[in-house]
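Multiple structures are listed underneath, in structure tokens.
One chain, chain A, links the two complexes that follow: it is found with chain B in the first and with chain C in the second.
Our next item is the complex of A and B:
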């Protein structure tokens, strides 16, 4: 079944001759309402300036900048190895894609190839991070519709995965594990058994989440048919990841441009059809199950011996010839990429982080938010799965 | 990529092709031909996804490089179009009518590099910065350290070290 958004639901506001909205705040018909930056229904440090007419949103504007730390500028004054520990800080809930994309871009421009065993461990880390990110999302999505308990369950399950990260990398949030040339270490002893226990627990939690959230009449009533992304908007608005896959577009970098060891793994991208909040949540739930399967496949197949690091130059004098490249990966929110430009010196000339939220949280959100009820704004924002630090870097 | 380049080169004057990988190449396009090349690639060659639009400051050469990275998701290939602009008169035609999401990139470039995109929606509105009066901060001639020292005080009693010297001292304590 497909749900189509009715663009003429609202009679207001009328448009002026130049096409802009005719909003006269003094008329008393409209009201400005700020959702965020301090609001339980906001996805991180951003805010949406809403213009409402009664209960209905007639215009929304995304405001970012509350978490601008200037990473791209900072990196221009740091050596290639000094950039490595700061890139992960661009995205808190799933930092590993920054490490992987940055490392792969440096390796490509420097002509270094990371060892096969390191590539397996990199892929394992990325999939573990994806599971974490999805668990966090499911809690947030349920919470935006008033089901606080789901967030407590998924936070518990995520915490178990953070334990696995801790024993593998030594850190729970910022792992700083995937560095140019390879990875820092191999798997600890007994890791497979403990990971299997964690995966079983996460599967069990996801079963409970399915029963309580996805079969819940209130969640269905509020999420089905709301926040519809027309498949025709996918390309013009740069929509990627689960947001595109829930609209029936089989866009997954892991399949389209396979990287690391994905060609050796057996999986199919999860596709939805209805392109509403419910469909996006369901795509992400099923994608978590795919990631769990991928982790099991990798632990069964990965080599246990072999080098973990390629030979890299002395990091204090590491200069990379002039060049430019773009490395992308499929993170839990869509296409994540690093555009790296080098000029032959010991510092990057330019690093540009392409986070999926850049397009989802600004142009797409501002379009989808029109004609929504105020109460559904939080649900829509969470369903786009945006992280503001990727926008302002 | 070579085939595509040969085809494009017949229609538009292009710079030399840099094949970075089998499925990624960069090519320089003149400012006046960019729009036609973008439309050609989008409508006839399947490059429908604008991956990013960003700038690189080549201050020594007095130029900004704009990079339009397009992706053909069906074939799994990418092409980066480079447009060189003079740093003195940094302005470029907007492409928000081709990709609406480009307006966000252009607004950020206006703020961070001072490159103007006349007629792009909201291009002069603040994006990340608030009340910024200095030169655009992502330009190479903006001195981050000086700005930080002038605007933010050091915490009393804090010892600072030059990272390069500190690493050298740690790695080679005998000064070798």
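Our next item is the complex of A and C:
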């Protein structure tokens, strides 16, 4: 049974001539309520300024800037190799995507081709990171509705994957494993076997999550029909990734514009149809299973011998000729892109990060938040899968 | 005549003796109650920890046994040491009064709870009405706390709590009317006596919908998950007690857990036969453990513990209902179901359906 929230609009504030809402706070009918920047229901350091009428939101305004670290500006005074510790910190839960996009942009401008084996390992790391990111999301989605147990279970499963990352790259969160020209190292001995054990454990956790969270009547009541994104909004608001796929739009950069070794892998992007919180959570759960399958395929097909790094000049005096490029890829939250401009010097002229969080968490959130209950704001924010650090690079 | 404590006691005036005896009985109820509250918090953290595949508190403790057992004591000491923060422009009198009201309501209801046949502080004939009256007072603590804190989140929590408790109080009251019809008495001791016998004879079977609704309403009334919208963490931070710290918060905490134990004990008394044993016939014949198998306070404790476990289980595995969904469930599902089942119970009582209603009222 699908339940759509239909409020009584006669009580709503009318629009004034300039398009803003006629909200008279002195009347006592409306209340300004700040959610964030310190609020357990907000995904990070941002805040939403809500105007509520009773328990219902009539206007929401997002405020960002609590976590501005100026990464894009910092990179303009760093050599190309010095940027690597910075780019991975743009998005904490899925840092590898930044490394890949930046490395691919540098390679393209410098005219370097990364070897075949390095491409396989890069794709493997990206899919492992995607699984991590989705596991973190599932816990957050349940937690935003006050269901703590899913978060603990998926954190356990994610921790096993972090062990595999540690084995492969030497670090758990910020790997800095992908460099321009290739990757640092090959797979360690016995990695496939331990990876298979981890994948089996994650699959069993996902089964439990499905039983406890997706089949839960209360979770369905909270999530079905709430936070509906009209498929017509997908293009004008720049919605990408699972948020768009849950609306029935087949938007997946891995298929639309294949990069790395994706053309050689056999997979179908997961498409949903209801476009509500439940559909988005379900698309992400099924997408995790697709990623697990991709990791298995890659471990089976991957070449075990061959060079890992292409020849790159001395990184201390590395000058890249004038040029500009945009590298895009599909991260767990949508299209991720790096726009890189070089001017022939040893520093990037301009780096611009296109994170999916920016389009999802600012304009789209303000649009979707109207007419929701206060209780659903946290669930909606999590369901868009946004990270404030990525909004303010 | 030498002055021994016994002669001193005999020489005291009659009214003073009565008061002292009542005070002694109150202590006898309150001390185990507060200890149970303390260890219920530990049990909650441990059980939810196990459900969530982690350990729970396992550090605080001495004597080398079962590390973690001193956690509630450590928590209490921490709460006592913490500063009590006054929000600016808060109404100080009401701000202090609110936790006191909440605790008084949660503890006061224990006066009429019979622990065994005759083991009760006040054997009141209107016990059920007293329970209803006292437990509904608890919401004043929440509303006053939300209002006096001068905070928007606290106010929203208080508003939600008020609406929710009105809705569920009605369903709860109707469930209690069913018990009243079945037992023919408002006295809690007589309600238990009316359920004499084994598992089949208890009221949970003929009053099954009322039993389920009573317990769910009890969960809603004590503001526990999945009905904890008054303090919904991801929505309004902590709701009505967001501005309380130190002992103010601790008293709300005590009140919440004392109310939980109260609801669990009441459910056991009214629907699961109170102190009666599930093995009524084998009791006297079995050697050694015959006393344990017979009726006694330990059965009431066990049944209460079962319902308390359900509370923790709900909290670990359910997401929170939305406020309007709670209202819909209360008004549109629970109240109609209870009213319909009242008719069924009334007909069964008139028809003296065995084995529950064939005894003289």
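In the analysis below, the second predicted complex is superposed on the first by the 382 of 393 C-alpha atoms of A that agree within 3 Å, B and C clash if a C-alpha of one lies under 4 Å from a C-alpha of the other, contacts with A are read in each partner's own complex, and residues count from 1 in each chain.
Convention: contacts are C-beta pairs under 8 Å (C-beta built on N, C-alpha and C of every residue); 3 or more make two chains touch, one makes a residue touch a chain.
None of these values were measured; they are calculated from a predicted model.
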Which of chain B and chain C A:187 touches, first, second, both or neither: neither
First, second, both or neither for A:65, with chain B first and chain C second: first
Contacts of A:324 with chain B and chain C, given as first, second, both or neither: first
Dominant toucher of chain A (residue count), chain B or chain C: B
Which of chain B and chain C A:310 touches, first, second, both or neither: neither
First (chain B), second (chain C), both or neither touched by A:86: neither
Partner chain in contact with A:73 - chain B first, chain C second, else both or neither: first
Contacts of A:162 with chain B and chain C, given as first, second, both or neither: neither
Chain B and chain C footprints on chain A, overlapping residues: none
Of chain B, residues touching chain A in the complex: 18, 20-21, 23-24, 26, 48-52, 54-58, 67, 69, 73, 76, 78, 80, 99-101, 103-104, 126-130, 137-138, 140, 142, 144-145, 163-164, 167-168, 171
Chain A to chain C touching residues, read off their complex: 31, 33, 39-41, 55, 142-149, 152-153, 156, 212, 216, 218-219, 221-222, 373-379
Contact footprint of chain B on chain A as seen in their complex: 64-65, 68, 70, 72-74, 76-79, 82, 108, 235-238, 240, 251, 256-257, 316, 323-326, 328, 335, 337, 339, 341, 349-350, 352, 354, 358-359, 362-364, 367, 392
Partner chain A, residues of chain C touching it in the complex: 48, 51-54, 152-153, 156, 160, 225-226, 228-229, 232-237, 316-325
